[in-house]
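Same chain, two partners: subunit A is paired with subunit B first, then with subunit C.
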Partner chain A sequence: MTPLSRSRLFSILGLLFMLLVLAVLLALFFGNVQINLGFYELADQFLALVKSEQMSRDGMILFRVRLPRALLAVLVGGGLSLAGASFQALIRNPLADPYILGVSGGSAFAAIIGMIIASAFSFAPVPIFAFLGALASIFLVLAVARTRGKLPVITLLLAGVVVNAFFGALVMFLLSIASSSHLPSAIYWMMGQVSSKNYSTIGLVALYYAPGIAVLLGLARDFNLISLGEESAEQLGVNIERSKLLAFIAASLLTAVAVSVSGLIGFVGLMVPHIIRLTFGPDHRLLLPASFLCGGIFLALCDLLARLLIAPAELPVGVITAILGGPFFIWLLRKSRERMS
Partner chain B sequence: MSEKTLEARELSFAFEPGRPVLERVSFALEAGELLGVIGPNGSGKSTLSRVLSRVLKPGAGQVLVQSRPAEKFSRKELARKIAVVPQQSVIEFQYRALEVVLMGRAPYLGRFQLEGKRDLEVARNALLMTDCLELAERSMDEISGGERQRVILARALAQEPEILLADEPTTHLDLHHQVKFLGLLSALRKEKRISALFTTHDLNLAGIFADRILILDRGKVAALGTPEEVLDPELVSRIYRVKLKVVPQIFGKRPWLVPQLDKEMTELKNYAAKSESQNQPQANSELTNK
Partner chain C sequence: MFLALLAAMLPSCREGRSVGKETLSPRIVSLAPSLTELVFILDMGDHLVGVTDHCNYPPEAKTKPRLGGLKTISLEAVISRNPDIILGTEDGNEQSLLDQLRNLHLRLYTFQPRTLEEVLDTIRSVSKVLGKEGRGQELVKELKAKQALVEKAVAGAKPVPAILVFQHEPLILAGPGTFANDLIQKAGGVNLAADARIPYPRYSLEMLIEKSPEVIIDVSMSEMEGAEKLASQYWSQWPDLPAVKNQKVAVLDSDLVTRPGPRLFLSLVQLAKILHPESFEAKKP
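Here is the complex of A and B:
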């Protein structure tokens, strides 16, 4: 195997992108309602969507319900995976994940406050509230977990669990006292759910994501060097404090935006980067974009399962990711404990 | 006149106020010079190389790189001048050796630039020099501690530095690779005029390979000079609190110090004799007990 070259990078990412398109198509054509549209009718309905004209029932289901939902799943899964891979690089530990670190919990709590304020004043930028909540909780977790200048895995995981439980309780408290007609349900917040949003919401998510993704991809080599230890990274030319701060902010932004449109979906950011590392190696210049694409594929498929398993009812997609992620986490914990001893 | 590549001027450093780890350390490393730094545990050797590479900021004094204050360099510029081989490296995630060595090229690459042909050539050459080309495709957590140390050295060489700082580089190496490592530093200074500073606990290896030796004692420079001048049994004995004597004429004029263990040896002999005489009846009594 040769080191990372342009052709290797782009062929792998190209392949993953095609798989992503395939996953979205699967999510489009499978569901509770059977869709029977020919190619021309499909094209026709798609044009109607673009021109905002009257659509048929099948067209509505495909392009106003399933497509935006699949796209949202792709964005949420991709954002959480990229954030997970970045947290893992920063903390130098494969067990990190926005959910496990408590970042998601903090975002959810702040997002709800944002929504309550939004309902009172008819406007408040919820993702920005969520972003501040995410930042506060990551720095809280790091401060709690830091022991004599180091970040031991155990205290880090414990701090994450505690912060998550704490914010989870606050979320439940707010949901109980707030008049909840304009707030998403408790299930949405505690288990995570992708639902059909309109295209402007999806555009907004993409817009919030853009700077976060750009910053993290730009830090990919710094992440590689940080794997050698922070001191070595510094001696190899990384401006360590600046890189870390930027990365924490960017990863928190992605997490916050994902949480404010889908609640607490756990373990995606843990599983996806790990599988990519096993397949393509740990080089972050490939790992980060590949994590985004695979996270998208993964969550789109999980959401498809969530819609199909107990149709016509639906499961929250977070149930699926947690059922897969729990055992995965335990396996990973055992493996990294073996390595440490 | 020889040029100074790295100069420490009155460097002081303390982790907590009132307990200095380095006190007014001054010396200059000349181009193509190999400087060995020795001193007891806690004398400030590791801290010195960390201050020199600007991982730690000196409390007072200055580090000059090619007569320019180190803080005037950007991190990246500095990484093209100074490469560091740390005492221990824990590498997270399973990178292959070649990937790690290629990381040494980072100071020469733009943010989104991938390594090119020449970078690969430099990396392979570095692996060749440290005798681990056959490890290139191996994962870093599959190879032994000594092999890892050599790969890390190759990474430092891939930086094409003018100054190499190595913190106890030979600690994890077997005898063959200890000699080879220091021989390599020695060769690099001749061929590429790379100056190197290495810390070590092995006085005699330092005495053979280094051009000059600096002895640190409780953060202060206790002696600085050629091995013949510095490896004075009386001075070193006092600093290390072990009685040392010189074994003459092993390597030309270079001194070779060994601990004078006459007292310990006699004690050891007495002890051995005593326990032997005790063991005999003990073994018998065990037999009779059964």
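Here is the complex of A and C:
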């Protein structure tokens, strides 16, 4: 592993952050409706948004339709990518992501329960339900996979598959018996989409994210040791089970919040960390924050495509990520097989 | 096209199990809510021995034995009801189920009305199958009169730009090729989502704002309590939309605009009153 200098870390992250801003600007200024606003009108409309005053039609489209949606895409893409990078490190398998481990399935199930119980207009409790579902599923996975006090990779993956299938069945059961006014929205929600939520919802997502992101970035050094192998990590004095547990909880939180606000968007957590690893190397001090930034860029651009491709209708963004992600997964699988043979 | 379909079907029915020329008390199974409504309105509700889980109108329909959802009807359940006449829909029901029923030589009649006119054809055909031609003619006349009333009321009036909303999150509107689209046009409106190429598009929110609908018909919460309040809460996010500003957001039951049954004509009248209240006030002071 090449040593990571402070200047390299900050210059790469700075560059990625600039690209993220660029992606949001692209999402802001491209759309089905032509926007003709000068700089001053733009600033004026933005001020109107901040003071919640009357806005022009163009201002509304920019700052109440496109901007919140782009920001949500950034948060969801970033959260899923960071969670994916963490899960890959934790179970030392490049094919892992929140979906394979059953965390998304558990979140999705609990979030649907939350949506049915809470009214359609109160979002706040839904991520809490989803988080409880994510925790329940990850602890179920850990309990099933734990063998003689350790978590072997194979049993962990198998347990994840089983738990995911189980919660998937519960989701389908719930969808089959739920009243029809909830049913279609749940189906679309299962396809994965980002929409123009209000800013308080986006703030709430950021708030729920904060502890998860802080914990995972704080554990970056431990992740590096874990990826060397569990035995050597323990020899180096890392309390590996405790770090793993914390990381699982934090990554579950990110997954749960992302799922509850956008449904099941696949492959982001798989693709983005891989591209980062191939480009910038495997050091988690860079990999984790870079995954978050690139996940945000990636999903913001995918959502832009989702809005434009069949206008005036829209595609669920999960369709775009899956179309890109499927071939990527196959390529990755072939590559890892070649390396083994 | 519909008649050709029916004609193609009839021979296979004739070959079917003989149940006598006209059974006086036929056991009828309905595989769609719209057909259930029709059977009841033709006064044959007592003979229904099986309906779908979605058949909720008239209220008596809920007391009938259930055979499953529109797409998940159990073949076994249908057979166990020992039906003389089965009424189904080509688009609504699973093709495999219909094929199986035909292979068993059960008397299956299927219908697929796609416009208001074809709904009237369906009513005529079903009433013939049930031996209720007189009642069928009467009903068709009644519904045609409703349609004529609306046509007269909105004739010459400027078409009102409108949308019909099936769902908020994501935003799903009635696109081309739906009954809702047909209803909006016939009731003197212009469906702003008719430019989408799919019947139930997830519509771009910014395009909706750009197109400024003057009337919004919201059927997204038909089964919920306090639907009116929830709808106005949702639409108050966009106070500058003309429909919201002028309080022209109407809440309807989605069954009324999606089921190709007799109640579509009631919705037509209702929509015309929403789109052109002035035309109706003038007539009935």
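Here is the rule we use: the second predicted complex is superposed on the first by the 295 of 341 C-alpha atoms of A that agree within 3 Å, B and C clash if a C-alpha of one lies under 4 Å from a C-alpha of the other, contacts with A are read in each partner's own complex, and residues count from 1 in each chain.
One rule holds in what follows: a residue touches a chain if its C-beta (ideal position, glycine included) is under 8 Å from a C-beta of that chain, and two chains touch if they have at least 3 such contacts.
For clarity, every value in this text was computed on a predicted model and none was experimentally measured.
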*Mind checking subunit B and subunit C on superposed subunit A, clash or fit?*
fit
*asked:* Taking the superposition on A as described, I'd like to know which of subunit B and subunit C A:K51 touches: first, second, both or neither.
replied: neither
*Does subunit B (first) or subunit C (second) touch A:G31, or do both, or does neither?*
second
*asked:* For A:S5 in the superposed arrangement: first (subunit B), second (subunit C), both or neither?
replied: first
*asked:* Contact-wise, after the overlay, does A:R148 reach subunit B, subunit C, both or neither (first, second, both, neither)?
replied: neither
*Give one of first, second, both or neither to describe whether A:E314 is in contact with subunit B, with subunit C, with both, or with none.*
second
*asked:* With the two complexes overlaid on chain A, check the angle at subunit A between subunit B and subunit C, Cα centres, nearest 10°.
replied: 140
_Smallest separation in angstrom, by C-alpha atoms, between subunit B and subunit C in the superposition_ = 40
*Residue numbers on subunit C that touch subunit A, as the complex places them*: 54, 166-172, 175, 193, 195-198, 201-207, 209-210, 220-224, 230, 233-234, 237-238, 240
*Show which residues of subunit A lie in contact with subunit C when the two form their complex.*
31-33, 54-55, 57, 60-61, 64-66, 119-121, 179-181, 184-185, 188-189, 193, 195-196, 198, 307, 310-316
*asked:* Which stretch or stretches of subunit A touch subunit B in the complex?
replied: 1, 3-6, 9, 92-94, 218, 221, 224-225, 227-229, 231-232, 234-239, 277, 281-283, 285, 339
_Contact set on subunit B toward subunit A in their complex_ = 50, 53-55, 74-80, 82-84, 86, 89-96, 98-100, 102-104, 106-107, 109, 111-112, 114-115, 120, 137, 141, 159
